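Structure, as structure tokens:
Naming follows writing order (A, B, C, D and E), and every chain is counted from residue 1.
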């Protein structure tokens, strides 16, 4: 398949993620949307990597390495994020981000 | 196009076969379980339906099908249905990468007795097994029952904890085999010794983890009836309950097959290439060998269940995290060091 | 490189020290010792200038100096604020450890030569901050700050990654030197990528219009951690920003494209930060907005791509970090964070009031304090760059506005009467303050001390 | 996989139609050992479980990193082994840390 | 080296003064200011014998920026340094008997502001100039805000913001020029030739800064309030010396650097200045508050000087420079008298005063002499400067000169009105208690009056001092 398909797919996924982050009010859903964004990027990177391999670049494996790093960092982020959300939930009994306005005085 | 059609047909047949076999085996596992229990406890076990009670599983299945289906009013309907489906789905999917046998030659066609020989078979299994957690978690959560939820959470924690140890215990094996393809692993054992010889500790760890992964005694805490009123499937009835139970038996079957494949040579059996038999016969014998090994493990599963008492939850977690993981790590380093030492 | 290794290792060490050592005060001394050792290790890197690590990290005199500044500021921060960690929670050693990890991230940010490292640096800087923001577990404001920061932060990470991916698609490399977008023809992918990265990094450095999380997060986080987040960390993110845009996206028509965007971001940041800060009654919140405003000035160093900008960003990082840390340290000693809480401070605590005055003047950019030269260099860089005079004039006017809100604190301290609730500062704290004042003034009189190192 | 999916779906639908339907309110409420239902089941459970989940995510990713190494292990030789030892060192460091921190304590 | 000492003595003494307790600061600052004066006189002598170059001092500061610690004086600079050096001892002597809260801070800040002023007048490096410019401002801000009148905080803040905005704009201008010269050296600035349109807008960046400081209409609004609210010693510094910073800035940094810009905008600047003269004079006539009256009179005088600068011929420039010195002396004299009245009677309203001549004849005489100097009667020092400026203005534009002349007449009106209200008439119950001058006050006023009369009769030393600069300037422009 031409690389454009992958680009369009991952950009679509990315946009879904972005829209989700902007529209949804549930912290966990937002969080999942962010993960979706990251995975869209992963897909894109792999697609580009393939593209550059076909183009004859030698260091195209760098992108796949990058994907690995993204996954690791995403895991770390998930860890922290879940902890934060759980903490929030235990104190506020809700994960709706609309209640996040106590700081607005 | 023609070849494609044949290929597709072949695969469909194979998939159906694997699925059917899994289901049948799982069904008869329930029968076997009761029989084994009876035998160990010096009872007879089921004996009414059919000779030796052989039709009992069918009767059970039929009953489950025709039972009323209840979805509690304050449960999340979608998730409530999704839970058992997912559990069943994942259980069935793992069978796809296990090489049930070598190549059959029909006419001039080579039929590989493996649904998909993907080069990351082990990773695939892990991925799918991880999904299995969702089944339990979603089922427990969707029921909106305190017992279910507690059981689900317990189950999820247990499974993921042991998955860690399981994954690590496998690494040592991978160092040995240098491949993630199950097929190749079997082929290697066909030529050399079984992996159990090189990896006794690894096997032991894997075995224990397999027990925990399948929620089998002595690690059956998620469904500890006397503590939790039945477990995460407390609110389920009809075939949905059946799915949960079924999935468990299929899991047991698959993990037994996996253990046989990884550590006990899979469809390979001693002197199979020296007997001078034709390829197809060897293959069929291989299948038989694999199933024998698998059944041995299933029997072992049952044997353990009726022998050992259940762990306490803290003991379970302690065993998983504080014993198995360090041991697996140690095993890995030792194996690695040893192999390299031998190499140089 | 040494600084990276030593700070990361020391972070790990501190985690374990926290398990063994129960005396919380002594943990602070361990941390200071660790920072000192990292500082020393960083100095050793002077001999490695020019070396690279598999094309991932490149040691340059800039990175060594900047790391020195960051580690030094952190040391000062530990000295001044270290004792307040206990008030937040019991895991004191972990907080210190997290800060060391952030420091490790900052050292990467100052020396990365590969987009992978940029990504890692940004994340290593960010993730511990999410934790620090929520360190006060029982406090809902802290929780909120943490969650908000986390969601915003990881969202911007996603955008950053998308930018990186697009640039990779256009350039075929993650290596800053090889990307060289300025030379070739302009690829639409790379333009998108640059924009996305600019936005994401603006998020991270809280530049308007992506600043909205900043006041809430800085306000909600435990004050001692805000002090760290708003200073050293911010400077670190800026370095990453500037380094990326100056090396990978410089030259050719491309820099004109993003230059305008960043100039607009700068202008907005300056305006919003300064004008909103004027209306704040809480000094903590005022400092949050002022940090946005200061970010506007630091953005000049990104917009202008020349030697002066590089010097400016170092000076700015030093001046801004030291001064803000000082103010936050004083704030921590006060019971009341509103402006009125400062009333009469000069009478009861003349030293603290004097130090705060010097810090505030530095932030306002008044000569003979470090802040003046910091501002001077970034503005000079922008003027040298050319075509940005409107921005410079705007910045100057904003600086005048900033004097208004900074001097309100001075006025409260000196010209109003009141009895501030205050915890009596220790001798060490006072010594730290004097040290900070000395740094601010010495850099204000003789900035060469820092610049000669470059 | 499709087959499995199909099987599951068909069974689900079949069982849905085959079973008798007698809805009574008692039957539809949750089972709590016959005692009157109290509150919502969806309440916070012990933090321990979350902690386990979080630790799993972290360690699982680390374990995943072992796999490519294990597969290419012979080719990498002692150098690779040393690098891996360093990684394992970090892994063990983290592990000991959470152990000592009490994250693995289930007895209480 | 003497030039450096001029800055260094007050700077160091000021920093030490912060640490002193009790009367120590007071004594120290007096000694330091007298020492500075001595150095100033020494520098004058050296200037006469060995020329300006011998007073140049250069040291490395920030080579990356092409900025040096470059100080020196020309005639005008030296004159203003002398003015500063003379004023501070006089101020300190006058207020010697007064008690301030936190005297160490008060005197410390005063000395720091002196250091800043000296720095401004001697800096030959633009960046250094800017730094001193601010250094002179900050202590004054604190002085006003801490020891001033009731509304001091808001008023001084306004003052501060005004001047700060101005100086920042100047900074932009400086940096812009720097990017072309790559050096902050004054000579590099002056030798740079820029296009007319560049000079045109740069002119405004600089002019606003200086105009705020002077202050020229319409940038003057901070000034009367600040003068009124400040403690009088600070007002003396502000009006006597600090406003000269603006004028000095124009002469040193604006005219030679941006001659075309100055030429372009000269008329506008002059119109503004002259509006300022008339406007301030009118308001001064209506003032009942003595401090405000003097403040507005100061605006009027400064306006004339500003107009003279832009008239841009030898006579006007020379007159302007001479007048800078003389106005400083005169206005400080006036403020000393205000200070004395205020200290004794605690009133500022002219209508409440009167009859002081009967109880304090010595002071009355001083006041009359200083007032005459302020309205520039012949034989006082003010005459020579104003005369030169007017003749310069007439050469430039008769109408401007005529309108400015009106300012002189108005100045006579309000000054004499003030004198009349203060010292003549019946003594009321309050003014009846007025006691005549004490030794310190007498001394300061005597010095001032002496200078007024000596320079009025024999202005040659002053004219000689500035002639060099004037000639040079005239050539440049």
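Basically, a residue touches a chain if its C-beta (ideal position, glycine included) is under 8 Å from a C-beta of that chain, and two chains touch if they have at least 3 such contacts.
The structure displayed is predicted, hence computed values, not measured ones.
Shared contact partners of chain A and chain E, listed by label: C.
The interface carrying the most C-beta pairs in contact is the one between chains B-D. The most central chain, judged by C-alpha centres against the centre of all protein C-alpha atoms, is C. Taking the CA centroid of chain E as reference, the farthest chain centroid is that of B. Centre to centre, using the average C-alpha position, chain C and chain D are separated by 39 Å. Centroids built from CA atoms put chain B at 32 Å from chain A. Each chain gets one centre point, the mean of its Cα atoms, and the points for chain A and chain C are 26 Å apart.
With centres taken as mean Cα positions, chain E sits 95 Å from chain B. Looking at chain A, residues 76, 83 sit in touch with two or more other chains.
Taken together, the chains touch in the following pairs: A-C, A-D, B-D, C-D, C-E. Looking at the complex, you find that chain A touches chain C at residues 7, 10, 14, 17-18, 21, 27, 30-31, 34, 37-38, 40-41, 44-45, 48, 51-52, 55, 57, 59-60, 62-63, 65-66, 69-70, 73, 76-77, 80-81, 83-85, 87-88, 91-92, 97, 100, 102-104. Residues of chain C that touch chain D in their complex: 12, 15-16, 19.
Contact residues of chain E toward chain C in the complex are 61-65, 127, 130-131, 133-135, 138, 142, 145-146, 152-153, 157, 160-161, 164-165, 168-169, 171-172, 175-176, 178-179. Contact residues of chain C toward chain A in the complex are 115-116, 119-120, 123, 127, 130-131, 134, 137-138, 140-141, 143-148, 150-151, 154-155, 157-159, 161-162, 164-166, 168-169, 172-174, 215-216, 219-220.
Those residues of chain C that touch chain E in the shared complex are 311, 361, 366-368, 372-373, 376, 379-380, 383-384, 389, 392-393, 396-397, 399-400, 403-404, 407, 411, 414-416, 446-448, 451.
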